[in-house]
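For reference, the structure I am asking about is given below.
As written, the chains take the letters A, B and C, and residue 1 is the first residue of each chain.
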Amino acid sequence: MSVDIATIKRVATLSRIHVEPAALPGLAREINAILGWIEQLSEVDTTGVEPMAGGGATALRWRDDVVSDGGQAEAILANAPDREGEYFGVPKVVE
Amino acid sequence: MRPTDLSLAQARLALDARQISARELTQAYLDAIAALNPRLNAYITVTAEAALTAADAADQKLAAGHGGPLEGIPLGIKDLFCTAGTRTTAASRILGDFTPPYESTITRQLLRDGAVFLGKLNLDEFAMGSSNATSAFGPVENPWSRRNDPDTRLVPGGSSGGSAAAVAARIALGATATDTGGSIRQPAAFCGVAGIKPTYGRCSRFGVVAFASSLDQAGPIARDVMDCAVLLRSMSGFDPQDSTSVEMVVPDFAAAVGRGVRGMRIGIPREYRMAGMPAEIEALWQQGIAWLRDAGASIVDVSLPHTKYALPTYYIVAPAEASSNLARYDGVRFGARVAGSDLTELYEKTRAAGFGAEVKRRIMIGTYVLSAGYYDAYYLKAQQVRALIKRDFDLAWQQCDALLTPATPSAAFGLDEKQDDPVAMYLNDIFTVTANLAGLPGMAVPAGLDGQGLPLGLQIIGRPFDEEGVFAVAGAVERAAGFSARPGVIA
Amino acid sequence: MTYMIGDWELVIGLEVHAQVTSQAKLFSGAATAFGASPNSQVSFIDAGFPGMLPSINAECVAQAVRTGLGLNAQINLWSRFDRKNYFYADLPQGYQISQFAHPIVGTGEIEITLDDGTKKIIGITRLHLEQDAGKSQHDQHPSKSFIDLNRSGVALMEIVSEPDMRSPEEAGAYVAKLRQILRYLGTCDGNMDEGSMRADVNVSVRKPGEGFRTRCEIKNVNSVKFVMQAVEVEARRQIEVWESGEEVHQETRLFDTARGVTRSMRSKEDAHDYRYFPDPDLPPLVLDAGWVEQLKASLPELPDARRARYVAMGLTPYDAHVLTLDRETAVFFETMARGRDAKLAANWLTGDYFAALNRLKRDIADPPVSAEHMGELLDLIADKTLSGTIAKQVFEHMLAGEGAPGAIVETRGLKQVTDTGAIEAAIRAVMEANADKLAEYRSGKEKLFGFFVGQVMKAMAGKGNPAAVNELLKTMLAG
């Protein structure tokens, strides 16, 4: 499965990572090399195999409904690159 | 004996007996860091003042007779663990000067047990790499060098390169690390030290910067198997804040180290004998088999048929999860920000500037394999193959109690070698990824030297939650190997 | 009789997002209360800080199951959380934890009743749990938007209907009924103006007999009235597009309530590639069948069942409907009516009491007179201590805060007089004082009966038992 430049551009946009146009071919090459290598998985017969989601606990453990967190606006905002009073500031969004 | 000569277990005894003070011990390590870190670059941040304050507090506790299991022990913390009040970078520019207002569960437990933190250790950016060369804070140098070529700087392995190098060079008495595809075991092997990745769910992931959630596990890197056992005990334990944490009692791992292997069945998986494997690695593996047989274990030939698919499976699952886990690094609430005329531009420029090339590649691979139309062919398929890999192990456990394999396909390579081809770099994890995919405990133990005098390690993989079995085998290998070589750069 | 606009039929489906009533959020322990100061109810988990992990709130799970049971829906004992990945300033993690492939609740249905009395079943496709996002404010600064994460991580139930609705009225009735059920169950407060319940409205049009044409989604409509308006306006817009020979494009729109039109949201590239995959931080959600049965057994009685019960008690369907519109009123009514004449209680509640609430601008949730005291008032009428007229007086005194009706009657001496001796005495006095009118009455002017009733009541300061007065007066006037 080989991906073209247009697809790389789309993926970069989905990932919200700007890629300089000049860098696109190189990136496409690298990614294609990796994807080509991953391809071999299609050889494996996985009919009827339940996908493994991960190890660890087998069922979700439940927490009691009590307020045990929050009330720390200063700590929440302390690392903000653009703090506007009690808010995080971002470039204005037009909906 | 100089303070830095003491192993963790020995330092514990010396501190308790007041033969050495915590302050002396910590100061010795700080001096070592000052002398050697400029070259090795193992630490991103050194917290000297805080360490001495902590050491003084430890001395008070020790004098009063209530020191914890790690009281006064100076450790390095991989800069992937969020440490309250101390800058945490994940070796990335994108985190900027982020200073967590919270403590990870593991570092909280280490502090509870009395440990002294020397600083934050270097790593591959966001734990993605096998050489520590992708760090935004510069590469780490392996304290070992080739006998015939001492000027060529070697990689310490990764992603926990800083942790392994610091322990090997004795500028930390022990270190925390994390392992997603081999990031504890491979650098430990490259640096001639011991490291264990426990069973998935044994240690809490709360407060550890996430790379691939279903694969990440924290674990110790230390000088020897016993030191690892002591550290792992303090690091382990059920944490309700981590929904994948498993409610299992934490055994006394240290007690298993000297248990021996009499009556244990050690499996040798035939598929780990790879085409083109260096003769030295094969020879070391055979040597390991002989040691265990001599120690009273029986050796069993086993098959793990899906082994060759482990790496490609890993390189679908890990980037997919990472692409989602790293979406939060967007310049809005913390970290570095590059201004943009609108929100989209803010995101795109911030992430382009803040992430290194390997991280970007993996995010994009991950985004691609999850995207519309490709999910079934890639991600779903990979999770199915993963189930088959796990099943291989489940069947093997019917015939054996632990597996012995090489830890890495080579000794440490040069800083400038293998960097151009991502796939070549990925092959470093060939022996280690299976344990992450199956959630099993795995340990690397230094076992010998290659022709150039560089350390080579052996790997032990164990049954789920049988770290004790792993420690027992590792202890036996360590005793038989009698590995006593030291790197050229050492405190 | 299907609702039509010209030759066109409407097809409407609704996705309602209902905030779960709980103390803490779905995956963190931060509080959920409305109206707190910005970023003061935010856990590091809600803010998507490095290393943070989710853990699930048991009550949110229970509320979702209760809602599913109230919708007659299938409860899935095994369900799973997935990540819905997209970037937006109010979505700190860069993904929303939701349920895509395996929701906690499956198919169900609710019955709606239209104004003309017709009933219709609307199918529910599914209900799932998911995180709410934070809030962006765009009008506080010329070039910046401000982000408040208090709402980030609050539990939402997304309730998806089948595209079974065919008119604005049906859509409105569905939202109203769903809201009523959620409020009855206590699983969501249904405050659409506070944003705790909002609707995404999917509208398409078609010629009768066709399959489905392209639909558009109108997001975040926050009142029943606006839902109905939005449906109407959007349907007409689409009809115009089709009739001009163009095609309707699938898109997300907003309802501009001021101008009464829908408009397209600025398009987000690849807005729909959410790259869903199972959240690796959360093992599957497993429910014990016995626990679900327990929840079912302890559900409050729902509106339809309650209405039927009231009608069986003797109330008119209209009164039953009014008294069950919300659970607080129904509970008040039942306390008031317990062991008493249900019709009398209904009349007093829907009449004098509701009027008083209106006048005093009060709410049944904050009653000026308790249901118990109202019940006591009814008892005093039933045992003839009070006439209907005097009872109204007593009620006014109760509203003024004078306490229990019994005490008021005693203090103010308002007891109805039924003692025939006293009534006879009063009648005799009136007859003597009005001899001329008496003569007129006896000679045939029967209309004057009312005059005599009035005079006797006045003489008795209104306390005469009307029935006794009438009877005795008839006898004594006749001579």
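Definition applied: a contact is a pair of C-beta atoms (placed from the backbone, for glycine too) under 8 Å apart; a residue touches a chain by one contact, two chains touch by 3 or more.
Quick caveat, the model's predicted, so the values are computed rather than measured.
Undergrad: More C-beta contacts across B-C or across A-C?
TA: A-C
Undergrad: Can you identify the chain nearest the overall CA centroid, using each chain's own CA centroid?
TA: Answer for the innermost chain: A.
Undergrad: Using Cα averages as centroids, what's the distance between subunit A and subunit B in whole Å?
TA: Each chain reduced to its C-alpha mean, subunit A and subunit B end up 23 Å apart.
Undergrad: Starting from the mean Cα coordinates of subunit B and subunit C, work out the distance between those two points in Å.
TA: Centres of subunit B and subunit C (C-alpha means) sit 57 Å apart.
Undergrad: Distance between subunit A and subunit C based on Cα centroids, please, to the nearest Å.
TA: The answer is 41 Å.
Undergrad: What residues in subunit B touch two or more of the other chains?
TA: Answer for subunit B, listing residues that touch two or more other chains: 98, 101, 213-214, 240, 243-244, 323, 327, 330, 332-334, 343-344, 347, 367, 371.
Undergrad: Hunt down the residues of subunit A that sit against at least two other chains at once, touch-wise.
TA: Only 13-14, 16, 53-54, 56-57, 60-61, 63, 72, 75-76, 82, 88, 90-93 qualify.
Undergrad: What are the residue numbers in subunit C that touch two or more other chains?
TA: 44, 47, 55-56, 87, 89, 145, 147, 273, 275, 280, 282-283
Undergrad: For subunit B, which residues are in contact with subunit C within the complex?
TA: 81-82, 88, 90, 95, 98, 100-102, 104, 205-210, 212-214, 240-244, 320-321, 323-324, 326-328, 330, 332-334, 343-344, 347, 367, 370-372, 375, 379
Undergrad: Okay, in this complex, where on subunit C does subunit B touch?
TA: Subunit C residues touching subunit B: 44, 47-56, 83, 85, 87-89, 92-95, 145, 147, 272-273, 275-277, 280-283.
Undergrad: Show which residues of subunit A lie in contact with subunit C when the two form their complex.
TA: Touching subunit C: residues 10, 13-14, 16, 53-54, 56-73, 75-77, 82, 84-95 of subunit A.
Undergrad: Okay, in this complex, where on subunit A does subunit B touch?
TA: Its residues touching subunit B are 1, 3, 7-8, 11-19, 27, 30-31, 33-35, 37-42, 44, 46, 49-57, 60-61, 63, 72, 75-76, 78-82, 88, 90-93.
Undergrad: Please name which positions on subunit B make contact with subunit A in the complex.
TA: Contacts found on subunit B: 96, 98-99, 101, 199-201, 213-215, 240, 243-247, 306, 308-309, 312-313, 315-316, 323, 327, 330-337, 340-349, 351-352, 355, 360-361, 363-365, 367-368, 371, 377-378, 380-388, 390, 421-423, 438-439, 464.
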